[in-house]
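Shared between the two complexes below is chain A, which has chain B as its partner in the first and chain C in the second.
Coming up: the complex of A and B.
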């Protein structure tokens, strides 16, 4: 009987050690994996820009545009755990720094809703560029890996007469987090965004 | 009979839902949106977008598109020229005149030393930042400075940003000075949780600070433990908890990086449409 008990104790300790080791292997990505994360991040950024296009595209019906807001939101992380392991809900924000030196900080959902309505201009032209950059992933104190993705966009707003009434070119920086899910696989999510204008023109 | 009523009810419900859905599929014709793809402009490639990119370029590790530096690229862009491109070209001190000569010589000596001794910025080099915070204090616009430093935990190979100092406007300090009691400061100390900002917070203008100011109404967990008893930290924490301060945003970030043991470089961001843009060196100090 004792032998059987010892056998189960040994089996328990062995399996505990084995699973911990396997989990640890999953939570520490290799340098190659970190490079892959960069490529994956840029693909996710591409997805986000496509959703943003659909949100602003008024030639599309409302329903798929609202769906695009949902899909874009699903790329963002809103749940965090503090150092006590408590669940905290944080809505990522977009900070816009204008050429005139002013700054504005708005929740991401509000940013998408404004894009959905675009109330100020009868016609809008949004241009994208085939250039994006992802910084190195760095491990944070939360055990997750953090990087930032950058891309450029141009916005032109036309008035009733078809003249450009506002034009800006900006660089967007998006916070990226790689964290392991319950199965130990890494998933990418976005956080806060910073938008910096490189040019802004408001002809009167 | 019940089944018949249920059938009629669901029939009407589905019909009205279908009608509702048809109504929502009518395109909105109030404004039109045109999407275009533009050719990449050279400034977008050359612009130094992040501090990581700055360090990679300084260390002569990557080219502007992120690819590794190879022999042919090194032939076209020798390291001395590549480093010179990291300086703000509009800096008057880099245009040689009698007055600017000392700084000009210092920069040239620095570049020569970096190239000759193949000096690189260490991965965990001392990196500090100063951020200007724009806020409303009791409906008045105020700005104050927050100083941060990147902390590295060698054991876990992880990093974070921590607040190392705060410089509040004089009027705020004077208004609250009489409220400070020793026991209150100890209360702040007891609620301390060592957290900090993510290691990439610098790339998004430290905007997570805004969340701490406006939503959590506390910055204690972002501070280095050594500064918890500072008067200005206490005052800021107190006015945050009383909801007297609302932050608009962060701007004008200045970084300082130690290079080698003798030099410290100051870096600021220049958002302009020229190749010499992004995070550039604005000052070089000899320790």
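Coming up: the complex of A and C.
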């Protein structure tokens, strides 16, 4: 009888160990993988800044600009699960600096659509003025890994005469999350974007 | 005990002895006294020497190089080297030349002549002499002009795609150990020049080494023809980066007989080279967006299954990242063409559907 009890205790411990190990294999990234996430995140940040540049560039045909909106949107996580495990659609926001120096939060989709139109500027140039940076990933309370990436954006809006009527430089921070999907594979997704620093270079 | 196993011991010694005598013998010649490009050619020679040494180590062959400079080496010297080259039918001979070359219009041959000390020698004659040695595999690779003038055109330095370290795999075995026959390659077709960059070397040699490195790390399937097609594709990418509309196309003649190293469950029906070319064309920002988009829409089904996905990695091949739908990936390439220098398909980390198209394609983007 004792032997049987020991056997079950052993089996229980073994199962627990085995389950934990399997679980860990699927959810805990190795240090090498975390380094790779960081590098891939920087790639995705560069993709994002490239999409933003093309969305705003009115000299390009509409098709690639609209495709850039679609691709930029795919980088953001719009599906969340609340504490009850229910699926919630939540659009991340982006802080934009205004001509008057104020800062406003707008939903990311609206931001891209506005950038696409920008009726006050016949010509728009958006570029990066410094190299993007990403902090190390750290495990959060939700079990996912989080980091913050920074990018540097210069905006130039031209008037009908081809003169720069508005120019600003923004340092922006973007929330990054690494989380496993149903297959146990990791996905990189972006959250809210905030303005860390803004300089209006030629406010009119 | 010893007596009992004496026969076995002798057989083992004989096997070991037999194995040790298989060699890669190289004759590497650089036109190093060329007034402007000598150093560049020397660099090419050193690279080739190092790569063939690694290949020999990898396939457990001895490496026996003869590395010489063209200005010290006459036709007689070459003939003597070829004559005294020990014959072992299991050996591989590689003849490599980089330097001045020409092909006068009155000559009917498609391959150029190379410059040794005081004369130009027809490369097909040299290749034939080496063929007559009767070795298992004879490779002749010539990187020089193939036109009236012998002056190569080299441009300012360009960054190269980093080569990775050789690891033991089936690809090198397939190319150098299991292939039998002879191959003659020249870096340019008749009436074409060979181009390059002053610091890195001639484009074709670099493209050849890159293709070898990529094949060795990324391919599952390889033939000499598919390998040389990939080198040609990489040569064209390098020329395109120069943006000078320079024309140079490699050419080759192959007579080989080899077996496929691996027979996986789902055999691809799409060619690795065609897939690489397709993706790199989509990422070629010099082509108009509309043209590339149309190419994507009309050709993607040829290469990819309907629900195919793409995996990307930078350094960690086991990054455990989720794959993205193939259409999203191709659109990403179209839009980010201005950021992408090159796309490398990693065939040995990709999977195929039952009809032989890519199910999951793994790629590395060079930016």
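As a working rule, the second predicted complex is superposed on the first by the 171 of 204 C-alpha atoms of A that agree within 3 Å, B and C clash if a C-alpha of one lies under 4 Å from a C-alpha of the other, contacts with A are read in each partner's own complex, and residues count from 1 in each chain.
The criterion applied here is as follows: a residue touches a chain if its C-beta (ideal position, glycine included) is under 8 Å from a C-beta of that chain, and two chains touch if they have at least 3 such contacts.
Predicted model only: the values in this text are computed from it and were never measured.
A.B. asks: Look at A:61 in the shared chain and tell me whether it touches chain B only, chain C only, both, or neither; answer first, second, both or neither.
C.D. replies: In the superposed model, A:61 contacts both chain B and chain C.
A.B. asks: For A:29, using the defined touch cut-off, is the partner it touches chain B, chain C, both, or neither? Pick first, second, both or neither.
C.D. replies: Only chain C is touched by A:29; chain B is not.
A.B. asks: Once the shared chain is lined up, is A:129 touching chain B (first), chain C (second), both, or neither of them?
C.D. replies: After superposing on A, A:129 lies in contact with chain B but is clear of chain C.
A.B. asks: Considering only touches as defined above, state whether A:46 meets chain B (first), chain C (second), both or neither.
C.D. replies: A:46 contacts chain C only, not chain B.
A.B. asks: For A:114, is the partner it touches chain B (first), chain C (second), both, or none of the two (neither)?
C.D. replies: neither
A.B. asks: Could you tell me if A:197 is touching chain B, chain C, both of them or neither one (first, second, both, neither)?
C.D. replies: A:197 contacts chain B only, not chain C.
A.B. asks: Can A:103 be said to touch chain B (first), chain C (second), both, or neither?
C.D. replies: first
A.B. asks: Scan A:171 for contacts with chain B and chain C and give back first, second, both or neither.
C.D. replies: A:171 sits against chain B, while chain C stays out of touch.
A.B. asks: Of the two partners chain B and chain C, which one touches more residues belonging to chain A?
C.D. replies: B
A.B. asks: Enumerate the residues of chain A that count as touching chain B in its complex and touching chain C in the other.
C.D. replies: The answer is residues 60-61, 63 of chain A.
A.B. asks: Flag every residue of chain A that touches chain C in the complex, lowest number first.
C.D. replies: Going through chain A, the ones touching chain C are 29, 32-33, 35-37, 39-40, 43, 46-47, 50-51, 54, 60-61, 63-64, 67-68, 70-71, 74, 181, 183-188.
A.B. asks: Which residues of chain C touch chain A in their complex?
C.D. replies: Where chain C meets chain A, its residues are 289-290, 293, 312-316, 318-323, 328, 331-332, 334-336, 338-339, 365, 367.
A.B. asks: Inside the complex, what are the residues of chain A that reach chain B?
C.D. replies: Listed in rising order, the residues are 53, 56-63, 82-84, 90, 93, 95, 97, 99, 101, 103-105, 118, 121-131, 133, 135-136, 138-143, 146-148, 150, 152, 154, 169, 171, 173-177, 191-194, 196-199.
A.B. asks: Within their complex, state which residues of chain B touch chain A.
C.D. replies: Residue positions touching the partner: 21, 24-41, 43-45, 47, 49-50, 52-53, 66, 134, 153, 156-160, 193-196, 198-200, 203-205, 207-208, 210-211, 215, 221, 247-251, 269, 271-273, 277.
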